[in-house]
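The first chain written gets the first letter, and so on, giving A, B, C and D; residue counts start at 1 in each chain.
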Amino acid sequence: MSTTTETKARIQREDFSVTDEIEAIKKSSKNIGGIVIFLGTGRELNKGENISELNFEHYPKMAEKKLDEICTKAIEDYKIIDMSIIHRIGPIDIGENIVLIVAAGEHRKEAFEACEWAIAELKRTTPIWKRETTTKGEVWVQATP
Amino acid sequence: MITVKYFAQLRQMAGREEDQFDLGAQATLDQLSDAIGLNLPKIGELVRDKKIMVSVNYDVVSADHIIKDGDEVALLPPFSGGA
Amino acid sequence: MSTTTETKARIQREDFSVTDEIEAIKKSSKNIGGIVIFLGTGRELNKGENISELNFEHYPKMAEKKLDEICTKAIEDYKIIDMSIIHRIGPIDIGENIVLIVAAGEHRKEAFEACEWAIAELKRTTPIWKRETTTKGEVWVQATP
Amino acid sequence: MITVKYFAQLRQMAGREEDQFDLGAQATLDQLSDAIGLNLPKIGELVRDKKIMVSVNYDVVSADHIIKDGDEVALLPPFSGGA
């Protein structure tokens, strides 16, 4: 679990502050004009089933490596100034924060594109798994696009 | 030795987090799935039939990848992170 | 200047807390799964000119009305759960927050679309004007798409 | 009375925030731009030539809009909000 300020991507059990993450990324440049943020939160319903709790697990080292790669590639490919990603693991209640992606660009267009690409890429490449507790018991969730 | 890690559903199926196998200096993924299948036939089959992704040293590999002694292999069910 | 909890759109001089705005919108439904946020901040450079300060003014009542209309239309047209918008006026330093749009949906796709549409619509329809102070003096900024 | 509000560059050009005009029960935008032009010829011209947007009671109107007594009209330079 890496929490140094140098690392742009983190996996952690505890909640995060969106404001703190924005202020941290603002420090990387005075030329940031548009910041686009994706925040994924725990929904109460999935395919009609009532969810009481979510639980995430990850493959240590590989998950952090993939998130770091997403940040690096987003900055290169979309010409944004900076990106940071946090994904929580462990038990998560309904309404709580799960994942945060912050894309900071000079202008908004590239920040929107980079942020939307990053969350799709995270779902595709990052070894993190979700277990939902519903009235029917615990189920491992199949990937959703 | 090759370390094989099981995650999520596969960890539950295996009943443990990892196994170790001695397959010499090099081995194919088919040889590894055979070795896994001796104790965990269903998981061995999933790997052989390419039903799940396999990573070696933290990168996903294709079916023709050659595993080396000391590698860390992981069997990865479909990901479901990202909310 | 409206700051009641009922109003989804606000114009205000003081800074805002992104975290507080997210928590406020989360209260509208337990079925929010994807929140997309646009945060516009003051850049140091514009077309090669060094900016020392920004100053925004608005047409009271009409600006609030247009922001409210954007929230209502975003919810209807993009099938999102909720949207809130805050735009600051008065003097704003480099790096400070200017505008915040929070789009909350069941899933991320509609939240991205609604958020990107809303900031473009804000620029197109909302009577707010920016004055930049550069080394050459004060200039009213022409609209940028 | 019709209230006309000036914003941003136009407020600076006008040297004031608003004017009031008595144009009877109804007036066209051309009649209003003529009235504005008596004291502020450059702004009158901008309105007449459709170089700036005009709102009536907080909505942008087209050139053929009829203004009524008591309306609030605003002359709107190109917007530049949104960062």
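Throughout what follows, a residue touches a chain if its C-beta (ideal position, glycine included) is under 8 Å from a C-beta of that chain, and two chains touch if they have at least 3 such contacts.
No experiment lies behind these values; they were computed from the predicted model shown.
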| item | value |
| --- | --- |
| Distance from chain B to chain A - Cα centre to Cα centre, in angstrom | 26 |
| For chain A paired with chain D, centre-to-centre distance based on mean C-alpha positions, whole Å | 48 |
| Rounded Å distance, chain A centre to chain C centre (Cα mean) | 23 |
| Touching two or more other chains - residues of chain A | 33-34, 40-43, 108, 119 |
| Sequence positions of chain B contacting 2 or more other chains | 83 |
| Pairwise touch network: line, ring, star, complete, or other | other |
| Pairs of chains satisfying the touch condition | A-B, A-C, A-D, B-C, C-D |
| Sites on chain A touched by chain C in the complex | 17-19, 22, 26, 30-45, 94-95, 106, 108, 112, 115-116, 119 |
| Chain C contact footprint on chain B (complex, rising order) | 83 |
| Chain B-facing residues of chain A, complex | 40-43, 56-59, 61-63, 65, 87, 98-99, 119, 122-131, 140-144 |
| Interfacial residue positions of chain C with respect to chain B in the complex | 33-34, 108 |
| Contacting residues of chain D [partner chain C, same complex] | 5, 7-9, 12, 55, 58-60, 74, 76-83 |
